[in-house]
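For reference, the structures are reproduced in the following blocks.
Presented sequentially are two complexes of chain A, the first with chain B as partner and the second with chain C.
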Partner chain A sequence: MAKVNPAFIEKVTASEEFNATECMNCGVCSAVCPVEIDLLPRKLFRYALLGLEDKVLEHTPAIYQCLLCKLCEANCTADVHIAENVRFLRTYISKEVYKL
Partner chain B sequence: MSERRIGVYICYCGGNISDYVDCERVQDAIKHEEGVVVAKTTMFACSDAAQQEMIDDIREQKLDAMVVASCSPTLHLFTFRGVAERAGLNPYLYVQVNLREQCSWAHTDVPEKATEKAVHMVKAGIAKARLTEPLQKTRIDTVPRALVVGAGISGLRAALALSDLGISVYVAEKTDKIGGRVAEMGRMYPHDRRGSELIANLVEEAQKRENVQIYTQAELTEKSGSVGDFTVKLNVKGESIPLNVGAIIVTTGFNSYQPADGEYAYGTDGVLTLPEFKQLLDQCEGDLTYRGKPVGNVSYIYCVGSRGSSQKENPNDYCSRYCCNAAMHASSIAHDLSPGLHQFHLFRDIRTYGKYELLYQEARRKGALFIKFDDDEPPRVEKSNGCFRILVKDVLTNGEELDIESDLVVLVTAMEPRPNQPLNDVLKLPLGLDGFFKEIHPKLRPVETVIDGVFIAGTAQAPRNSAESVASALAATSKSAALLKKGYVELEPLIAVVDKQACTWCDKCVESCPYSAIGKIGSGEKEVAEINAAVCKGCGCCVPACPQGALGVRGYTDRQIRAMIDAMEARNG
Partner chain C sequence: MPLPTGAVIGIMMDNLKKRKSVFPISHRKAVKWSQKLEIPEGGETVLYTGSMYQLLPYMLAAVNRMGKMEDSFLGRFVGMGRFFNKMFNVSAIMFRPKRADHRRFRRIIRDIARLLQQAGVEFGYLYKKELYAGALAFDMGADETFVAHARRVHAMLKEQGVRSLITIDPHTTNVLRSVYPTIIDGFDIEVKSYLEVLAANDTLRPVNKVAGEITIHDSCVYARYEDIVEEPRKLLERAGYTVLEPKDNRNLTHCCGGPIESLFPGMAHQIGKKRVRQLKDKNGLGVATMCPICMATLQQAANGDLEIDDIASFLVKAFCEPEEKPIKKKSADENRSEP
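Right after this comes the complex of A and B.
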């Protein structure tokens, strides 16, 4: 069971960079990812959008594993700024979790 | 020896018949039948040239009956009746034999036997033609007034439109309030105006009209007469008011689905149906509050009472059509009241069809989150610590179970038929399996019913939004006006007739009639059945019900049918 945290939703959606709301879950990003990250972007963003902070943090290694190669972004049919969104989550984790 | 002069035309149908049936042999076999004066074959009986030839024959040979052996009467009965009429022959002296569908196409593998069958069929047609009688259509003068049952948005709009066309309108509203469901609806999509404003405008306009009379607390208690000339009685606040109208439009509206006790925690304070939530939105000024407390999170659960989802018996199978759009619109209004509001839409499928997709987009843009659940695993609603916990498995994260805290739970509830047995007893309109009034044909005759002169519109007929309801109300208006403005209606004479000698008035026929067309009348010293010519459809249900054999249907009399059977039995030769 994953608790929906509206405060986290607010933080995530307040950002102008974070546009994962555009994602329509087609899965192209997952299909083209060269590093076989165990958490695929569409699922990661869905966790973030639903405010499942615990789920997002659980996958911190995957978030840092991403190469930011933007292969997914180049192929995204919904113009989701996938790499930017990953960077946003990294910033969030660095500040809120690691207090950097 | 028959004194009839019958013309018989056997059609090739360009090969559809003649490829399997030897039409020339058929012609040979029937040309000496009693009463046959003209017997011809033709490539296409329906062609202009063939029709003209028939007209010439009728005139020159003084024919008094005609048989065309061609295709199904569904296709060309009226074509050849028209030929007879143009030649000065009563159209009911025409008989069609369906050689194509009932013989040639059915027996393509055995042409010999098909030809033999065709001979029998044409002989039967001739036997019937020998017993035809000229018949006249029944003409009824229409009354230029209409009754609208139900003063919701559909009924009011229909009343104004009829008034525009110069038709006087009576509107009967059962409750003490005008405006129906729309008046209570708050702000509505897509124009974002209040339902009460729309209704107020319609009522204001109606009050200016001299030819619109609205009765509240009025119920339709009696209906007699027929299309174009009904006599009805209204019970208005206990007083009986007789009216004479030419058409009736039924716009009795819908009921909103009331969830079972405990269905998604319904009955607990804070679980609202969509109409209740819309009223709450309408009452709020500034932030969205419920019972004085600010609302932070709202969860919507879709398809409650629709599409087989219900904790009640006999759930509704249909989609209620308006509710996805209405919930999206409500979500946008709620966001505008409280921009910080978190809204979670738990849905099975989103059906914001056509331009209403924009409402869906707008709700998403305003931050609403959409969570799809599986039909077999609906969300659970639990009350804990003063708020609700909604537990739902999100399909898009492969069934991750989410735990959503909510201050309000909105059940996006269905539209249901509005049962009204007393009205059904008076009008006898057929209901569909879903309980809504049923039209004759969903595409081609969408507002007409099997009762001529009685029309249906709005949500009495099916779940739909107010725009669609008004469109159907205006369609019903047009159909009513087309009927009433002509000044008269002509009705088919092929209806039941009573043999007054034989009838002993046992009233068995009354029960058998699906249209309530049979009444009682005095005849000499006894009482006999009487057929209301304007209501009878000639279906024939009453004929076998009569123990005395006193009933028949014109154009299909027992004598004619027996003669046809005898003719079919006779050996070819």
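Right after this comes the complex of A and C.
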């Protein structure tokens, strides 16, 4: 069962970089992704906004498989900063999990 | 089994903190491209390589070694490698680039510098003082390491009295131009790609006749992060080539796969192959890339089926006289590794 981590929600919502609340779940980002990861970024960002830290961490490989190529952003109708949001999650993992 | 992400990133970040570069490279190797070009040391405007082209041979050697470890029990030992790498330079011993790779990437930087000289642009070079800009640390989200390194680079640039940088690859251009100003108060150094500098320079005219169709591969970072789209086309056309556009182009270009090569070599190779199929559809004289990572990744994916080279190599044929090459003993050991 997924567990909500309030501290994680705080970090996500406090960030100026993370703007996934704008996402309308249209799915264009997943359709154009050269990596063809259907998870990214819709579900992933939803997990982050809900504070489901364990679900986000479960998908660590997908977070690092993102090319940061911004093809999704170029097609995004809601102007979500998808690459920057993915990089935000990497920063979180680098600090909290990998202790870099 | 995929490679352990934390350990692989950890090795590169430890190197950046301790050895000032993600892959340790000697000063001698980093500046070797500039021999006999008589570029002045320092100055207000400098050509900033950020060591990206020089690092590519090391990245290729690393990817080759890591690719063999991916899905193998050997991948488990990467964590141990990180432990030892903190004490002594394991990555320099493990990843020994091919001599031919050093040579081909050096040649491209040389071509870029010669193009700028031919255009009458005045610039210096920081030689051994130049530092890697930290793009990989930023992309990996290792922000503490990145910020500390960026401050080190900025302090060095200020100490050298640099006011303007001419960059040669998209990743260095992006971090210096668009990321440094967000983390360093008062960052006031102008950053321009050599493609922008040359495209705006009307004195650069062809001295040799070239012809043929060149398929252009836009870099994601140049096109979507830095809006550098028209400049490479303008230069290729001014040189005398006809530019062919592949299926995905300009700000909708298709990534080469290179950004994830150090962590997921197999997946990166598949993405590269997909892009090569699009580029092959155009069947021109060759494919022009403008990023060392794109060039290396696509060349590996094409496996000799397609002529892929850096845009500078195509431009130099039109805009510069050929360099006199030293008589070299024919070597059978181009694939030999060297540190």
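We adopt the following convention: the second predicted complex is superposed on the first by the 99 of 100 C-alpha atoms of A that agree within 3 Å, B and C clash if a C-alpha of one lies under 4 Å from a C-alpha of the other, contacts with A are read in each partner's own complex, and residues count from 1 in each chain.
In this section, a contact is a pair of C-beta atoms (placed from the backbone, for glycine too) under 8 Å apart; a residue touches a chain by one contact, two chains touch by 3 or more.
Just so you know, these numbers come straight off a predicted model, no measurement behind them.
When the two structures are aligned on the shared chain, A:52 is found in touch with chain B, with no touch to chain C. In the superposition on chain A, A:76 makes contact with neither chain B nor chain C. Of the two partner chains placed around the shared chain by superposition, chain B is the only one that A:25 touches, whereas chain C remains out of contact. Once chain A of one complex is fitted onto chain A of the other, the partner contacts of A:97 are limited to chain C, with no touch recorded for chain B. Put simply, more of the residues of chain A are touched by C, taking chain B and chain C as the two choices. Contacts of A:9 after superposition: chain B is touched, whereas chain C is not reached. Contact residues of chain A toward chain B in the complex are 1-4, 6, 9-10, 13, 21, 25, 42-43, 46-47, 49-50, 52, 55. Against chain C, the residues of chain A that register as touching in their complex are 34-35, 60-61, 64-71, 73-75, 87-95, 97-98, 100. Residues 2, 5-6, 9-10, 13, 138-145, 220, 224-225, 251-255, 257, 259-260, 263-264, 267, 271, 274-275 of chain C touch chain A in their complex. Partner chain A is touched in their complex by these residues of chain B: 296-297, 340, 342, 344, 364, 367, 369, 371, 391, 394, 396-398, 400-405.
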